[in-house]
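Structures given as structure tokens follow.
Next come two complexes built around chain A: one with chain B, the other with chain C.
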Partner chain A sequence: MTEKGKLALYWAASCGGCEIAVLGINEKILDVAEAFDIVMWPVAVDAKVKDIEMMDDGSIDVCLFNGAIRTSEQEYMARLMRQKSKVLVAFGSCAVDGGIPALANLSDREAIFETVYGHNPSLDNPEGTRPQTETVTEDGTLHLPIFYNTVRTLAQTVDVDYFLPGCPPEPERIWDAVLAIVKGELPVVGSVIGANTTVCDSCSRTRSEKKISGFKRTWEVIPDPDICLLEQGLVCCGIATRDGCGALCPTVGSPCIGCYGANEGVDDFGARMMSALASVLDSDDPEEIARIIAEGIPDTVGNFYRFSLAGSELRRSALHVSERQPAETV
Partner chain B sequence: MKRVSIDPITRLEGHGKIDIFLTEEGDVANAYLQVPELRGFEQFCVGRQAEDMPNITNRICGVCPEAHHMASAKTLDALFHVDPPPTAKKLRELFYSIFFATDHTTHFYALAGPDFVVGPEAPVAERNILGIIKKVGMEVAGKVLKMRADGHYLIKMIGGRPVHPNWAVPGGVSRGITEEQRQEIEKMGREAIDFAKFSLQLFNDIVLENSDYLSLILSDAYADRTYNMGTVDENNHVNFYDGMIRIVGPEGEEHVKYPASEYVEYIAERVEPWSYLKFPYLKKIGWKGFEGGVDSGVYKATPLSRLNAADGMATPLAQAEYERMYETLGGKPVHATLATHWARLIELLYATERWVDLAVDPEITGSEFRTLPTETPDEGIGCVEAPRGTLTHHYQTDERGVLTHVNLIVGTTNNNAAINMSIKRAAEGLIQKGTVVTEGLLNKVEMAFRAYDPCLGCATHSLPGQMPLEVTIRGPEGETLDRLTQYVNNS
Partner chain C sequence: MAETTYEPKIVAFLCNWCSYRAADLAGTSRMKYPANIRMVRVMCSGRVDPAFVLRAISKGADGVMIAGCHPGECHYQEQNYKTMRRFEMLKQTLLGFGMEEKRIRLQWASAAEGGVLAQAIRDMVDDIRALGPMNWPGNWAPDPDAEEAILALAEEHAEVMEVAR
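Entry: the complex of A and B
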């Protein structure tokens, strides 16, 4: 890139952790500012949507877009940033696969509103007030964006050029991606920028092809510090998960929760996990295996699709599942 | 009626928007802070395994994931009826003190600092952290960067990851620390105390020695007389990790002191159709609208609130600063919104002192850092002080520990009503008949909510720049009469 490029960063349904991760590149952020004019970054520099709207199409070189698409406003911004950017990167697990916010796809708008504004024990809402997209007050009319039933990934909303997973991506991976962009060494459009090995590959714990009789919940056992967590009966997702972190969670004694999503060649994260779990069980009987998994892992969706429900084959549960209302509330 | 919109202000679990309505005469009629986003954690956590909550709820906020991680772990202690061993409790509080010191540092220097160090009327292009560096020198910038880098380094060392730790579990933590790590934590902690002392000296020299700033802090445009909330220890001293919730009235008298588990008796949440964010208030006082005073249930939960709600600080250096603040500002309680910045620095000093106290505790390297639960899980409530206010998690499960009900009252939410009031008051004080809406005026409205550090700033915390604002003045038909933007170009 000979002249200074234009870089934009935007966030949709996310937590801000991706921004903190970007700041984690520390003093290298000055190198980024050297190579690019940052034309949008709501947390740090100007965020005027109007200025972006007035730019020519394709005039932003690279947009790093984090967060899933949950509201009409976020969808508008995704479309706008796509239109104005040559290269659009889905940044972080929420943009790539839906992330934690996409667990809401097990529910729907009505059920969420009912819980949040209708059923919580601390609520005082006898009239059943719900947020409205338009509210007329004595002072004037106030507007809120539409809250959709379904959370979508960025690629389910607009065309995406590259994917940078992780919740959040480690600063080192972010820096790798920035270098690839600056040097013009980006991979084939549609690729993930990052490793194509698994978390297991960089985990220092010892594996011994040991078979187990069942699964344990993390609160039921203090694991040995040196042995593979899966072989100790804990649901560790390292075997299906793309590396990028260097196995940070297993290093502190916690199972991998799959935040970088499925590794290259893994079509469905949950299916890969099921076969991995079956392979460590000391049984060849499919029925017995299914029973052991159901007994040891009451929430398979939350374990196997915690960061990837929107991007998975499942995508969401059937709409209008009103039986999914929370049980007895206080 | 005319309307002044400030949109977008940045993050408040997404982002926020301020609408200020003006009468035909040009006076402020009303002001609204709208939060246009909701993610629905309280619903989609139902069905999850309870032990996964510290790793799900930390994704509520990437700026203070440590607060959710810790509140969630404490909730699980209660839910599984398990008492963590002393080493675990101390490790959690050590980790939490390091987090607090780091978070308060970034807020003061990058977000709030520019208004005072560079000045509220300074040119926009200088009113950012680069302006601070220019004014106080690279040496200071180096100290700030080191404090942040050390903090994040230790958070990763102890909690496993620099953002979204995966470490606290029901009954304790997943890993202890070694003696070698302890020494590094202690060394960085001692440097952090020096940094906190330096920060208070800087505040003293630049802000308190300047009578204009002092009168700005004490001006009526930035004062709302409400109740204050904070967590206190057995001596009624400020504590971030554990204790009783204490609420004091506008005159400083104790309204109530209760264990976190009884929050439903004292806190209620109101829903307004124009915001996705709820409005908590004191249940026994009742909701009387967006009003201050002893008869209105509106309360604040901020660094200043915590100091107002306590009788003092548990560490000596912070206690001395606590006394000096109340002496300077005319006694307790202090209602000046902008004094929140001073309170935040006193909390920074306390956090660093606590950090070192815990780092030299003989039990901190103990090998008993987890107690395994043996009882059937059912229900738990857990509280910590997040940097931006008291944070409450409340879960219920079936007998397998699968969640059936989740309620969350997060730090900034406590202050939703008070922030609305502060914005209105600042606007009223600054916009009157015929006022020309200038950039400097905008910044002063912005200062009213910036004091709350309402998670709007998030990473504005740490980079050059400030909250981008756009104000549109519209006529009765919605037509644009005037438009004003503030923009910081750092290149």
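Entry: the complex of A and C
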């Protein structure tokens, strides 16, 4: 019997859905267990950080790392898993592009603490206690990780070999990736494991190159079941989004929100959305255009960067100028 | 150390048929405009993907100008209307990112309007000089204490490891 490979999963700044999504492959998980010893899987396996630290460098064959990097402890774990793994996969949209946690990049540490520990309606914190990175007690000094101002992607933290986007990745894509790993048929390092077509390519709705006079919010309209959602005025992100889901949301009448992130060749998800939406809008009057956008897309950044803010060109909203660190040579 | 005055860096995308020729005309007519502008010639203002603008900002530009033919005069018929719509989309998104409105400008300038373009450049440089440096990459610089905290964690764990081994 040949020796089994070693598989690890890790969970940083994310909801944990990616860890559960692995079980979406159902009974095939037994095949995975046959091929691999699972050395880490926070949601399912009782392994300690210590166990990983004691392993030799590069002794884990594959690590599926989900979650963005928000704290110094997560960065430590990212470095550790990188050091111990032959292949590191950014698993799920948070690890790939920042995902939902990265929307916090529209705020900053102070503002987040102010809300969470200062103004939450359910809060009872009369002394205004805030988390401290160091607390001295009688029994010694206690440490909490540093909470970063800016959420980062995994690849902005350590070298990443492959990317498997999705919120969460669909079971079929996970299985494809597992098969590719087991058979040693992995693509070029640095590539995304998955489709390089858009959600529109999988969508069965009819497109007619129609122009629209305005955008509608989802609650304002019951969409026609057969016509392209964008052409019905809904801000559907299928045009910019990598396929992988088979157009699940548009098929049931809900606009694509872009969870698979930018398709191949798209540098910035939001930029592609801006271009695409500008092309279907039927107005040549700047004031009217501004009004249509303000009314139909009140939260442009939230709509265009819902899953990809940390991985986008701008990465976050502007801090006050005095808080910005001096620029490196640009 | 010599005191240095702040010189804004502005990236401008000019269309081949009108605005770049306007810049040429400004030059041959010996009109002056500040050297703070870095011009990139594109075939049409409609070629300017919003990603170009975002990339310029993320690389440290203090402002971005997009210049093209007047509406109705586009060499490619109506692509500058697309530019107009895209620009509004981009502007509202950048406002959402907390960027000042004056850092991005859409300027129509025909091939005969060297003076118009030169004045627009002077105005924009003045506006941005007043706003000060943007330094966008400085927004996501790592926390100064982070590296120390990570190394401390590694050291702490290393001690535990010694015992465990």
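Everything below uses one rule, namely that the second predicted complex is superposed on the first by the 298 of 330 C-alpha atoms of A that agree within 3 Å, B and C clash if a C-alpha of one lies under 4 Å from a C-alpha of the other, contacts with A are read in each partner's own complex, and residues count from 1 in each chain.
Basically, contacts are C-beta pairs under 8 Å (C-beta built on N, C-alpha and C of every residue); 3 or more make two chains touch, one makes a residue touch a chain.
In this text the structure is predicted, and so the values were computed from the model without any measurement.
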Contacts of A:Glu73 with chain B and chain C, given as first, second, both or neither: both
Chain B versus chain C as contact partner of A:Val182, first or second or both or neither: neither
Per-residue contact with chain A, leading partner among chain C and chain B: B
Partner chain(s) touched by A:Val32 [first = chain B, second = chain C, both, neither]: neither
Touching partner for A:Ser107 - first (chain B), second (chain C), both, neither: first
Which of chain B and chain C A:Ile289 touches, first, second, both or neither: second
Which superposed partner A:Asp299 touches (first chain B, second chain C, both, neither): both
Touching partner for A:Lys50 - first (chain B), second (chain C), both, neither: both
Which superposed partner A:Ile227 touches (first chain B, second chain C, both, neither): neither
Overlap of the chain B and chain C footprints on chain A, listed as residue numbers: 49-50, 73, 106, 145, 299, 301-302, 324, 326-328, 330
Chain B residues within the chain A interface of the complex: 1, 3, 8, 10-11, 14-15, 19, 21, 29-30, 32, 34, 36-40, 42-49, 51-52, 55-56, 59-63, 65, 76, 80, 145, 149, 152, 156, 159-164, 166-167, 169-171, 174-175, 263-264, 267-276, 278, 280, 283, 287, 370, 372-373, 394, 396, 398, 400-402, 404-407, 409, 455, 457-460, 462-465, 468, 470, 485, 487-491
Contact set on chain C toward chain A in their complex: 49-51, 53-55, 57-60, 71, 81-82, 84-86, 88-90, 92-93, 96-99, 132-146, 149-150, 152-154, 157, 160-161, 164-165
Contact set on chain A toward chain C in their complex: 49-50, 53-54, 72-73, 75-76, 79, 106, 133, 143, 145-146, 148-150, 152, 267-268, 270-272, 274-275, 277-279, 281, 283-284, 286, 289-290, 293-294, 297, 299-302, 304, 312-319, 321, 324-328, 330
Contact set on chain A toward chain B in their complex: 11, 13-24, 26-27, 29, 33, 37-38, 41-50, 70-71, 73, 99-101, 103-104, 106-107, 111-112, 114-117, 120-125, 129-132, 135, 137, 139-140, 142, 144-145, 147, 167-168, 171, 217-222, 225, 245, 248-249, 251-254, 257, 259, 298-299, 301-303, 306, 324, 326-330
